[in-house]
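Structure, as structure tokens:
Letters A, B, C and D mark the chains in the order given here, with residues in each chain numbered from 1 onward.
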Amino acid sequence: MTSPYERLFGRFEGPNTIGNTRVFWAGLTVALALAAAYPLVVSAYTAGNTALFMLYGLLAMSLSLVWGYAGVLSFGQVVFFGFAGYTFGIVSINLGSTLGVTMAIPVAVLVATVVAFLLGYFMFYGDVSGVFVAIITLVVTLVMQTFMAQTAGDEWTIGEVPLGGFNGMPGIPNLAVGTEGAAVSFSGASFYWLVLTILVVSYLGLRLLVNGRFGYAMVAVREDEDRVEMLGYDIRRVKLVVFTLGGGLAGLSGVLYASWGNYIDPSVYSLAFATLPVVWVTVGGRESLLGGVLATVAIEWFRQQLAITGSAWATVVVGTLLLIVVLALPEGIVPFVHRKTVGFVEGRRMVGEDTPAADREGTAE
Amino acid sequence: MVNVVNLLFQFLDSFAFIVLAAIGLAIIFGMMGVINLAHGEFIMVGAYGTTLAYNAGAPLLLSIPVGVLATTVMGLVLERSVVRRLYDRPLDSMVATFALGLALTQLTRIVFGNSLSSIGIPLGSVQYGQFSYSMYRVLLSSVALAVLAAAYVVFTRTEFGIRARATIQDADTASAMGVETDRMYTVTFGIGSALAGLTGALYAPTMSIVPGMGSSFLVEAFVAVVTGGASVLLGTTLAGGGLGLVNALFSNVYGTFIGQIALLFVAVLILRFLPNGLSGAVEGVRERMERENT
Amino acid sequence: MSSTDEAGQDPAVRETPAVKATGAGTDRLLKTEDLTMQFGGLTAIDSVEFGVREGELRCLIGPNGAGKSTLLKLITGRHVPTEGKIYYDGTDVTDLDPHQRVREGIGMKFQVPSVFESLTAAENVRLPLQRVVEGDLTEQVAAALARVGLAEEARTEAADLSHGQQQRLEIGMAAALDPNLLLLDEPVAGLSVEERREVANLVTRLNDEGITFVVIEHDIDFVDRIADEVTVLHQGDVFREAEIEAIRNDDAVRKIYLGAE
Amino acid sequence: MSERSRRAFLATGTALATVGLAGCSGGGGGGGGSAGESGDEPITIGVLEDRSGNFALVGDPKHKATLLAIEEINEAGGINGRQIEVFDPDPQSDNQRYKELTERAIQQEDVDVLWAGYSSATRETIRPTIDREDQLYFYTTQYEGGVCDHNVFAVGPTARQQLGAVLPYLVDEYGTDIYTIAADYNFGQLSADWVKVLASENGANVLDEEFIPLSETDFGSVINRIQEADPDFVMSMLVGANHTAFYEQKASAGLEVPIGTSTAMAQGYEHRRLDAPAMSNIFAGVNYMEEIPTTRNTDDGGFVDRYFEMWPDAPYLNEEAQTNYFSVYMYKQAVEQAGTTDQEEVKAALESGITYGAPEAPEGEEIALDGATHHVDHHMWVMRCDDQHNVEAVENRVIPEQFLSGTVGCDLTQEDEETQYTPQDYYEEAG
């Protein structure tokens, strides 16, 4: 009954993801091979620059998960991103060795996860929902910005590391794994490959998750909370788990960010930066894990090109294009393109569309 | 003794700032469920309208309505062209208004440069002992109260207000009962815009007129909306009063830094222990009292 | 049990003495005690004493605004009562969350059909099952679909099912968890005659299999077809509780319906 | 904890970064200056200054003045006959954007020298990249001081220089009781520390100091506290558009105490933007303002004329703009002296003691770049604003950079460092 193809990919496929065909997996493999070869043909600068966009992509993916799949619009992904970045800086600089840097990674991700858990617990178990979640997470972000910007004094020194207030925290080491003597340090192309690997692993892991039992529950919560509660699910718990997981992913992204620039400052909590993940995911398609990542890389590249031109119109152009996308393509670019091109070939429609259903029960089980 | 007067003035000052920063945002959010991330830019447009009129020679009292009018017109145009398409997608409306804010700030910079020369603060000061306080800043608290009262009358005592609230509660039923829900949304958005514009107009003399000026209202505005809770006008009043008192008290005793931290800290406490916000808590108490009396 | 409301009523209605709502017997699967629910100044449910015996198929009728849906929402935990207690199977469930009550064995089907439209019928049924069943679900899914007569439609997306099929699918989703008590809110609203018959057959069959039912329904013919016993709610309180024949011929009941229309 | 151990570790961190890069970089320009350029190949200058976002008000004149210097040099035949090309994107007051664009300027555009950034935060954001690539970098904003970095030429005046100009003057004129208000971030805190140092040097005392969040726009309680303390004068190191509100509010509240400042007027031209008399009786300690009465500056065909001839719509010529302007000329001198754009050789040339007749210096005088500290011994002015918002010079003298050279002993000609010292080091070194 099950083909080798289904054994290999079946668990990654389902109605909750776009791309459930051999063509998709073949395309993805080719795209990954090209992406992996990219640093070999471009300069270290271009590779490093692209790595930055890709680590933003991970942040976008964390929002796709909580917003696109569980219906929880979090403006606070940058809070977890920032917490992890700062924690990574504090721990790695304090410990001051390669082993210290290695240990700082899980600690930072853990801190972000715990912060997400606490914030999620107090929102969801306080029965906060819908647009109020968005506004509370936004307020938390703004509060963090205000707070971190005024940590310039000596009293805000943790161990040997001053938080630095508005000026931020310099001297954060590159990402490294290992102990003295046997360590791999990541920068330039190797950093690019690291980010690419993390991105792919996260993507596949999330496909597994959203097409698994918990994924069904998550999507059901997004579609109809009351309904799914009457099937015996504790929706608060479902949301909390997704939110916490999303916080951890955003945290991982924050670690990569802090080590990419060897620096972090309170602007990661600014309204402008907090809105970016929402923008990426909206443009890319919130119900598509890959869409957000692709949109992130494209948008950030485009914004950077505009900045390089030095044109005064740069942000006007960005704002206008964003407005057009939101108004014209409510579902996001990737699901739209998918629907217009391969959607009917695949014979499986996306959530909320009106095309005939087809046989795919085999791959769902 | 004199410190009490200081504290009172500072409280009135904080109260006015929080209420005026929040009111436009609160009405649009509370009545329509739209989070206007361009709120700061709406305020900026009000300030620019006022300052440009003043610099062109108009007296301040005439310049303020110019700023309000400019913002209202802009709000109505944006509602008609953008926001109305997103009523059933509140989260996308955040992205859209954010995009609008981005473009508005930079367009303002392109057209009017990096700053405008500003209006001096009118009315001089109140002297008491060794202290003095800006008369205009104190006056703003009465304006804040007047705005709250006017909004209360509009939304609870007028035909429009009743229809608007019916629309908000249940648009389908309201439209079945003959309410032009489209128009209700437009007018409500217009009122919210006008109030944001008024805030910009009123604070124009006290601030630096730069394209990014709106952002300095955002923290107070969003914190007030969140802590105020679902009942917009009551919530904004309570948030302005409560947070204003905390801010004034701690600023007065420990400095502005502690004042800001205290405000944020209290806001977090309110969110934690009063999930329905200040207005939700007050209404809960009122209901309980009514029940016990009957 | 309290009498009906105070002043301002149709005198004919007010004069009519209320029956003892709790009925006979003590083997109550579900029982409410002095249950009251107020919204703002409005009393939606007023000191209701309502109960269902194990194995019963009880219909809940009453004019619009009588408090039927509110009562159901109180029983499922969607609303928290202002006062009063709810006992299920002898234990106090008043403070339990909705999902906890489901896990205790109370199932619910909403008024508006709310299947997950983008999922197939099988995937819809999977949702409740995957929470409680480890390992492969294929058999249970098939059985649950067969139970509501949708075996053929397993791979059809819910959005493409007919209205009646969606209603049955939803009942199937609730029934898949093998509840002791199943609450249905207007299961045949908007259905054709044929579809109503199918739903009626399904409900009586599940009742025969041992599931206790409370069904809210306007359609008196449908009620006639399925009900053992009928409870009439009026203005937030139990107005009558009797067999369907007695209710049909009750002038006071007819009056409150007319008065409300 | 000791400052030294942190410094030691930071150096290690940078070393690790460099090793990591060396291990992995394939292709690309790399920094360090490309040797063997031909005699007529253009010189590429990176200019990252804000033309949008929060710092556009102060950043835009920096950009414009740099272009003015470059155009003048190109018209006069370039540097050693080589024309100057500019890479000048708009970093939009966004530190992350600065980081990206700095990487790009160095690695992709292969700039020979870089001017970048208004705020200290920006400088600290890009300094890891600068140091990793050993990029010659001019930081031109007036700042808190203390950066002792082989690659960084911090040629703006330091807080000690600016406050050192205005504070002794105010002590002489008004008395010894000082009240300090400063922006609550590194610059403000360190500046307030310098006020204390200078106060004790001048026999004055600081009654109290208050740090005000950058987001604050309401100064009622601050004004009340100043009135309560009743100082002889206030030292204000408030920063940014929000804080500008202080001057309007204190005027409206009738607070008439003299105010010394290192931040107001010279950067954000508050005396032009605000309605008189908000800035009345405010004294700025600066190395430059548009109104500085030197022949190089205000005479016909002087700096001011040339600037507004090129940029007729520009609102003001500010302090940082002049620093950008003269530092381009200092770079020109250094390249001519070194005979190459090789960055290490140009740094060595700059360290040899360049002097230049900048607009800030009176006729016949020049300002000197101190090779040991990479800072400039500025000609400092005390500028007073009257109630009509006219600005006049009330005092001027050369104030050398003292902290790095005198106190902590930074000598970049002898030892490569990549550190920022703080007034804490002052206390530690002074005992």
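The rule we apply is simple: a residue touches a chain if its C-beta (ideal position, glycine included) is under 8 Å from a C-beta of that chain, and two chains touch if they have at least 3 such contacts.
Here the structure is a predicted model, which is why all the values come from computation and not from measurement.
Note on interfaces A-D and B-D: more C-beta pairs are in contact across A-D.
Ranking every chain by how far its Cα centroid lies from the centroid of chain D, the top place goes to C. Separating the centre of chain B from that of chain C, both taken as means of CA atoms, is a distance of 46 Å. In whole angstrom, the spacing between the mean C-alpha positions of chain C and chain D is 75.
One inter-chain figure worth recording: chain B and chain D are separated by 38 Å, centre to centre, where each centre is the mean of the chain's CA atoms.
For chain D, residues that reach two or more other chains under the stated contact definition are 52, 184, 211, 213, 215.
Under the contact definition stated at the top, the residues of chain B that touch 2 or more other chains are 106, 109, 219, 257, 260.
Multi-chain contact residues, meaning those touching two or more other chains, do not occur anywhere in chain C. For chain A in complex with chain C, the residues that touch the partner chain are 15, 213, 216-217, 219-220, 223-224, 226-235, 349-354, 356-357, 359-361, 364-365. Note for the complex: chain D touches chain B at residues 52-54, 56-57, 60, 184, 210-213, 215-225, 227-228, 230, 241-242, 244-245, 248-249, 251-255, 272-276, 278, 313, 315.
Residues of chain D that touch chain A in their complex: 1, 5-6, 9-10, 12-14, 16-17, 19-21, 23-29, 51-52, 88-92, 94-97, 99-101, 103-104, 106-108, 119-121, 124-125, 127-129, 184-189, 211, 213-215, 424.
By the touch criterion given at the top, residues 67, 73, 122, 126-128, 130-132, 134-136, 138-139, 142-143, 146-147, 150, 271, 275, 278-279, 282, 312-316, 318-320, 322-323, 326-327, 330 of chain A touch chain B in their complex. Residues 6, 9-10, 13-14, 17, 106, 109, 113-121, 123-125, 127, 130-137, 205-210, 212-213, 216, 219, 248, 251-252, 255-257, 259-260 of chain B are the ones touching chain D in the complex.
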